[in-house]
Structures are given as C-alpha cells and as structure tokens.
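Here is the structure we will look at, set down as structure tokens.
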Amino acid sequence: MKKIINDPKNFVPEMLEGIYAAHPNEVAYVNGDLHCLVNARKHPGKVGIATGGGSGHLPLFLGFVGDGMLDGCSIGDVFQSPSAEQMFEVTKEIDQGAGVLYIYGNYGGDILNFDMAAEMADFEADIRVESVVAGDDVASGEPLAEGKKNTRRGVAGIFFVYKCAGAAAAKLKSLDEVKAVAEKVCANVRTMGVALSPCIVPRVGRPSFELAEDELEIGMGIHGEPGIRRGKMISADEMVSEMMDSILKDLPYAKDDEVAVLVNGLGGTPLEEQYVVYRQIHKILDSKGIKVYHAYVGEFATSMEMAGFSISLLKVDDELKELLAAPVDTPFFKQAQF
Amino acid sequence: MKKIINDPKNFVPEMLEGIYAAHPNEVAYVNGDLHCLVNARKHPGKVGIATGGGSGHLPLFLGFVGDGMLDGCSIGDVFQSPSAEQMFEVTKEIDQGAGVLYIYGNYGGDILNFDMAAEMADFEADIRVESVVAGDDVASGEPLAEGKKNTRRGVAGIFFVYKCAGAAAAKLKSLDEVKAVAEKVCANVRTMGVALSPCIVPRVGRPSFELAEDELEIGMGIHGEPGIRRGKMISADEMVSEMMDSILKDLPYAKDDEVAVLVNGLGGTPLEEQYVVYRQIHKILDSKGIKVYHAYVGEFATSMEMAGFSISLLKVDDELKELLAAPVDTPFFKQAQF
Amino acid sequence: MMFTTADLKNLLQVWAEMMGKNADFLIDLDGIVGDSDLGLTMSDGFRSAADNAAGSDEADLGKTAYGAGKAMSNAVPSTMGTLMASGLMAIGKKFKGIESIEDSELPEFFQAYFDGVQSRGKAELGDKTFLDGLAPAIEAMRSSIAAGEPITETAVKAAAAAHEGFLATKGMLAKHGRAGGRGEQSRDILDPGAAVADLLLQGFKSFIETKGK
Amino acid sequence: MMFTTADLKNLLQVWAEMMGKNADFLIDLDGIVGDSDLGLTMSDGFRSAADNAAGSDEADLGKTAYGAGKAMSNAVPSTMGTLMASGLMAIGKKFKGIESIEDSELPEFFQAYFDGVQSRGKAELGDKTFLDGLAPAIEAMRSSIAAGEPITETAVKAAAAAHEGFLATKGMLAKHGRAGGRGEQSRDILDPGAAVADLLLQGFKSFIETKGK
C-alpha cells in the first residue's frame, strides 16, 4: 500500500491536524473535536450553511468552508458519516440567529445522521434547520420527477449547490430563500463520472475493487459504487461523448441554454488530462448551441488516489449566474468576482 | 497506458485548446501559436514577466500567468523546452516598455532557448530582457556559493519566485528591482522531493523508471531524474523528517526565523496525504522555533500522474512577506490579500 | 415481574457480548453487498451503549436508554449505528420519568425501538431491513403475552420469530443502503440488518433465561 | 575552389540524410544516459534546416545559413537542436553579405559553427560535449590547408579527427545536460553530442567527394 501516511488509524485526525496547522486564520474546530470544522470568521445575521460527510474526498467537504460558501462541516472517517452529535456541535456554532441550512449528499448514513442532528438542534437548542440533499449522479438512479424520491448519489455537482447557496447566504438572504436557491441548483445540475483505477481506504489496506490495465468503468460512484458499464479503455473524446450523451438527455437542454461546467479530477488524474476532457465537452456544447457561462476544471470531489474524472453541468439563469460569479475565499477554493 | 487522452501526438495541443476554451477571458495566445500563452489583460507600464518550459507539470508553468503573477509563458512538448522563437513571440507581446524578466528552471534546454530568445529580443526588437534561473532542489547539486554556478534543478520552489516577482511587478517596480526580488527569493528557497511512482510521457507510452511496490526514491526530480537514495517505504513522518533535515541544513535557519512553506503534490498523491505531510513539517519547524508565515498545500509543480510530493521552504523577511501576501488571480491559482 | 433500569443495563451488556461474539458473522454478511463494517460497528456500538449505561448512576429507565443511544450514535455513525441509536433514544423518550415497567409492557419497549428506527430510516416492512427481523418478534411477543404465557416462553417465541424474519429477508428486494443499489441482484442474499434484529432477540432470550434463574 | 550558397544548400542536404540514416545509432547512444531523443531531434532538425535552405531563393551565404539555423531551432528546441541552430546562425552572422568563400576559408566556416555552439552552451573543451568532436576536426583542417593539401584530403583528415575526438570522449567526465547529473558514472560512455560532430564531418567528407566528381 503506497500511501504517504503513518498509522492508518490516525489518517483522518492527522490530516485534520495538518489542515488546522496550515490554515490557522481561516478554519477552527469546536467542542475540542477536530472533526467539527467551522469558518474562523463569523458573519453575524447570516444563515449558517453546514455540510458534512466522510473523509477521502478533499477538497470536498470541508474545503469549501470559508467566506462566500459554507460555515461549517462535520467530518467522518474515510467514506463514513460523521455523527449526529458532531453535526449538532457545528450547527450550534454557526447559527447566527438566522437558522442553519444543511446541504449534503444523498447517502443513507449521512441522511440518518443529519436528520438526527436537525432534531437535536430543534429539541435541544431551538435552532431552525432546513436540509437540502444533493443527488446529481445520473448514473445512479431514475431521472428526477415531481413527488418522487431522488435515489441518485450526490457527487461533484454539490459544489454548485454550495457555491450558489453560499453566495445567497452571503447576501444575507433568509433561510427559506437560501434553501430555495439550493433546491433550484439541485434541480438543474447533472453529473456523470468514469473511473480508471481504484483507491485504497487506509484502514482497509487494499483496493475496493479491481479494474484491469485496459479497463474503465463508466458511471462509477466516488466510493467505488458500481457504474453503468465496464469496458475496454477508449479515447478521452469517446469517454466524454458517452458521458455527455447521458447528461444532456437527462435534463433536456435546448439551443441557447447556458451552462456552467465542472470537470472534476478524482485524485489521480493529471490536470492536463482534465483539460483534454474539457476541450471535448466544449466542442459538444458548441455543436448543440449551448453556451458555457463559466468553466471550472480541477479537483473538487475526489476519491483519494482514484484515477478518473466526472463532468457536471449546471443549467443557469440570471439568478444562478449572479450567484456563481460572487467571490469566495476558503483555504481550498478561491474565486474573484467575475 | 491508462491515460485520458486521444492520439498521444496531440496531447499538448489538445490540452492547450481545452485551457483556452475554459478560460477565454483570462488567457490568450499570440502569433497563432497555442504554445505562446499570455495574460488576456494588459497592465501598461508594468515589467513583463515570462516563463516557459516543458508540458506535464500543470499548474506549472502556464498556470501562473495572470494578474499579480506572470504575463506570459511559452509551452513545450511534454518535458521539452519550447523554442526560442516562441519565447521571443511571448516577449514581444508582454513588453509594455518597461522590459521583460525571464524566470525559469535550471535545465539545459530551457537555458539555451531563453538565452537565444533574449538575444532575439535585443537584436530584433530592442527589448531589454533580464533572466533569473531558479535552482532550488537541494537533492541535485552542491550548496549555492558566491560566484559558483548553481547546478541545482529548478522545481516547485519557483512558485515563490513567480509569486514575489509578480507582486513586485504589479507594484510597477522597475526591471532591476523586480529582478532583484526574484534573485532574493532564489537565494532563500530550498526544495526537496520524494517519488513513489513514475509517470508516463504520452508519446513514449511506458514509465520513465520503475519503483517496486514497497519502494520510494528520496530526492527524485520532476522528470524522474535520479535522487539521493532509493529505499523501502517508510511512514509519512519519516519521509518528512529526512527531507526536512536536508533542507534545514542547506540554508541554515535560526530560531525565530520565519518561513513560507509549500507542500506540493506531484500529481497522483491525494490532498489528504499532503496535509498529513504538512502536519509533520509544522511540528518540526515548531520544535526549532521557526515560525510559519504562510503555508501553501496542493499541486503546484506536478509530473502528471507521478505519486509523491515535495517540500519547499522560503525564508522570508518583511519585504518578501509583503510580496507573498499580495493578491493573485490566474485561472489556476488565486489568492486574496492576506 | 418487573423490567428495571438495572435490567436494561444488563440487557445492554448481553447485547454487547452478543454483537462481539457475532462480529465475524456480521462482517461476512455485510461483505456480500455492503462494506463489511457491520460486525465492527455493532460490537463497538453496543459496547459503548452498555458501557455508558453501566457507568451512569441514572435510575431513570428512559434517560438511561436515551444516554446509551446517544453514546452509540457518537461511537458508530454508520447506518445501522445511527438506527440502533435511534431505537434506544426512542425508548428513552417513551419511558422517561419511570424506573421500571411490567414484563407485560416489554412489547411496547421493542415497539418503541421499532418506531425509533422506522421514523429515522423511513423504511417500510418488506424493504429488506432490520425492521423485517424485529417486526415478527414483536408480534410473537404480543400473542404470547395475550395468551398469558410466562415471559421465558415469550422470549423464546420472540427469538424464534426474529430468526424466521431474518431468514425471510432472502427473496426480498432491497430498497435502502448499499444493497439498494443492486436491484434484483439483492434478492438472493440475507439482510445483514435483519441479522442484527435476530441477534438482539437471541440476546433478549438469554437475558430472560439468566434473570429467571 | 569556392564554397557557394548552393554548396551550403547541398551540404545541408547531406547532413540531413546523414542524421536520418544514423537516427537509431544516436537514439541508442542518447538512451544510455539521456532521453533517447537525439536521433529524432537531429534528423528532424537538419531536415528542416535543409528544407528551409532549399526552399529559399536567398543568394546570400550568411542569410541562408542563418535562416536554416532559425528553422532548426523552431523545429527542435532540444539541447542539441538549439546548439546546432546556434552554430548555423553564427555562420550566418559571420558570412552575411557574401555569396561564397574560398575552400581555404572552410576552417573559419566550421570555427564559426564552433563559436556559435560554445557561446550558446558555454562548455569548455574536455567537458564531454559536441565541442570535443568538432575541435580536433577544425585543427586537422587547418593543418591540412596550411600544408597545401587538396580539399578532398583535408576533408578526409577532418573526418578522421572528428571520429577520434568522438571516441576520446569516453573517459571524460560529463559536466552538462542529463549526463552531467551522473558524475563519475558518465566516464564510461561515449558522448552522443560528439557523435553528431563526427557525423557532420563524415557528411562534409562525402559532400566534398561528390563535389569533386
């Protein structure tokens, strides 16, 4: 196991110690628990936004805590939910009187714990909490439909939910308004991924699955959940075309629609290759008359050293464009107003 | 070869097409040549700063072209120098009448071409060009000494040279002043790396070297140049201690010195592991009474999918601190004033 | 006979031992479609619940259960960890303010557990979950008590029903958790969460046996 | 006899063919300590220099050499590509404004090449580089011309000297490029850049032979 770690048991706390040591003016932890991370800067009157989830996806989730985005994040062990108590501690710390919005990915363990935390916040601390659950992975469930439960996994597209909701909260919008923004983004974002190689959970010490030297898996989840098809390696352009087909079909797009694009490296894939991918996405969108409002390329939601990438498209209107363009300053993600 | 590419021959131009498509308002190319990248925004009266080098190291080199940092970059094939002509084209484009500073790494091919380009700029366009060559890798040559040629390779520490020189140029300092800043940073920055796995140059199609499943190489260069020792895998803390020993010895540090730290992932190493690394660096500096002025953790100078990392320390004084803290806005690196 | 706060503490100890002894069994079961953590989370989770209860001098039955549940939820925030914690915490809310219940009220004790899990997890009977192991046990308990059988007999019947319930999950289509992602493939396997329900009732049976002696 | 712009164009063609034929030899040599690109860069580089000269109707000897050098530097910005381009461009600067030189001036032609490479690369004789192949050839040329030998004889002697010079790089300690990073290990090997000098002089010899016929 070629990992740059010490005792696998200490992987998460040591990583967190490193983060607090590296960014002492930007992030802090509450209740003496490294797993309860908050923005070191307070913004009175603002709706607090919290997220949380398992470790192993940096910069997701904690990396988006900072000005213009999230206020707090509870952190679990690798690929494991943090506890409701930890979420509750973060909730108490970030509530500024305007209530707290939970935004997290559609995974069983996270849902149960965030629900429990929301109850604790209500019963024990009288804090109003609302929740928005992101499920953007088109490879993992039926298309969204009015009144139907979304069974799709939350993946890199949650970045757009954080970004827009964070910008709305920074403008001191109300909890209901910020929630409405988050829901609007969830309704308009679609993602699809491809994996080329597995990752190793440090405590487990062996890969979670095997892919032959000439194989890939289209639609695999960020914890190695099974995808849509496993097949022989194909060219970058072919991968992108196949993935874009599924994405574009899922939320019908029309000529002259505008989108924001996110190319997300899974951890082991060079940035060069991600730009080769972006090139083909841009070509496809061009050919359909769909305009790119803004493109993000890099690592946003990883699976440690997994090789592969995902593509997320967010259909934008004037409101979302304005929210996307707002500045952000977190230790892991910075953006100037554009 | 598990790469997300099309025809290996088109790897670099396709990557570049992706970059221009993704960042149309931020970067542009000159002379109809994708390999000649410049900041899309002009800053009249400013010293122009150009860099250049082979592809395969994103965000190095072109990723640091933007406001507050570099003005242009010429881009070669993977691990190959761009041509003098390409450098010259960039030079003409970024000269704003205040002259141009070349900052690049200490590699034979780059030196020859930048020297030739400087001559062309002088003879053919009457542009004053000065050059600063970064050689920060303590694993690759004798310690720096007055009047002696620096034989060390330029690696991730060049980020600090760009950052400080870029900030000085943004303040409209003169070419001599900006050059003096760059030289000061070169004199005060030290780097050491470790590699755990090789990378594959697309056109070559096979790894440039082999490392067994339980081996690492301390001091290896970013093109796979031989390091100081090859050995069995050790813990993250042991790697860091060994590397910090060499770095701290090379430019003696005293109690109460202040440093900026750069932890640089080589491409295939998860961000989580880089923070485990930072934790130990911080501990060692703490134990010696050396204060961290600012820490950067992430990918700054990669070798495509190579696994491993490097540590760079820059000894800072008030001048360098002020320059480091200045804002930057490039497509690949953004920083708010701190 | 009465079921007191001291009994709850003993029952939690029995459950912790039960999960410890069956950790490998649960790991293997969860390994087929899940992430193999169930053996560890259940033994760690019930261990911390039992230790929390043992370490407290709380006499209140409800508060003891609630505290044990919270301890479990902190220790193992996995799906089943949180669900089992929710069960204990629901018992806590229901029996807050009293220090014992009649044996005849024990079905309500398990019903509270069931309700806590269901309101947290929002699964239906037949969704191939923990609930499908627990529900038949509660029903068997109720009939046995209604028939005036001694509690030892009730416990034996409840344990048998839970085991049947566990076995009956084979053939069901999973709708939740990791197995839920497998579709029809999931039918062939036994549900690991229902195995935990089975173990809880086996534990309850041996707790009652021991208490009767 | 005179060496004209047309001769230069022919010589460049011969060199391009020479590098093409010996590409594998150079690849292997560069593969020992370098990055195996030398065969490709030299054949591509001299090909583009020759094509540039062939395609231009420039009559000026210097300008033709300069243009050929620039073409090479654009085509192959590797170490040797840039150095060879610098050599041709230095010839260009020296012989700008004339359309031919005397054969007896040919040592100056090669000296300009040498100076161009040296001022670009800043290596010294004995540093195990291209220069160690070219320098003895220039010396041999000078002596031969001073002795009044015919140019065919001069070319043969120069080629022999270049080959000796190439062989003599074995044993030298490399100070530049990738081999320079190897320290004492580099002594055992022949320098690939010096092999290029050898090939240039072998090419010159056959150019002179052909021209004499």
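Order as written gives the chain letters A, B, C and D; numbering starts at 1 within each chain.
Keep in mind that, in the parts below, contacts are C-beta pairs under 8 Å (C-beta built on N, C-alpha and C of every residue); 3 or more make two chains touch, one makes a residue touch a chain.
Just so it is clear, the structure is predicted and the values come from calculations on it, not from any experiment.
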- Note on the structure: Hop count on the shortest chain-contact route linking chain C and chain D comes to 3
- Query: Which chains contact both chain B and chain D?
  - Reply: none
- Message: Just the chain pair, please, that has the highest number of C-beta contacts.
- Response: A-B
- Query: What whole-Å value do you get for the distance between chain A and chain B if each is reduced to the mean of its CA atoms?
  - Reply: 29
- Item | Intercentroid distance (Cα basis), chain C paired with chain B, Å | 58
- Message: Measuring centre to centre with CA averages, how many angstrom lie between chain A and chain C?
- Response: 34
- Draw the chains as dots and join the ones that touch; what shape do you get: line, ring, star, complete or other? line
- Item | All pairs of touching chains, each written as two labels joined by a dash | A-B, A-C, B-D
- For the complex, which residues does chain A have touching chain C? 76, 79-86, 108-109, 112-113, 115-116, 140, 151, 225-226
- Task: Spell out the residues on chain D that touch chain B in their complex, using ranges where they run on.
- Result: 35, 37, 70, 73-75, 77-79, 82-83, 85-86, 120-121, 176-178, 180-182
- Hey, which residues of chain B end up touching chain A in the complex? 2-7, 11, 14-19, 21-23, 25, 55-56, 58-59, 196-197, 199, 213-214, 216, 233, 235-237, 239, 261, 267-279, 282, 292, 295, 297-299, 302, 304-305, 307-309, 329, 332, 334-336, 338
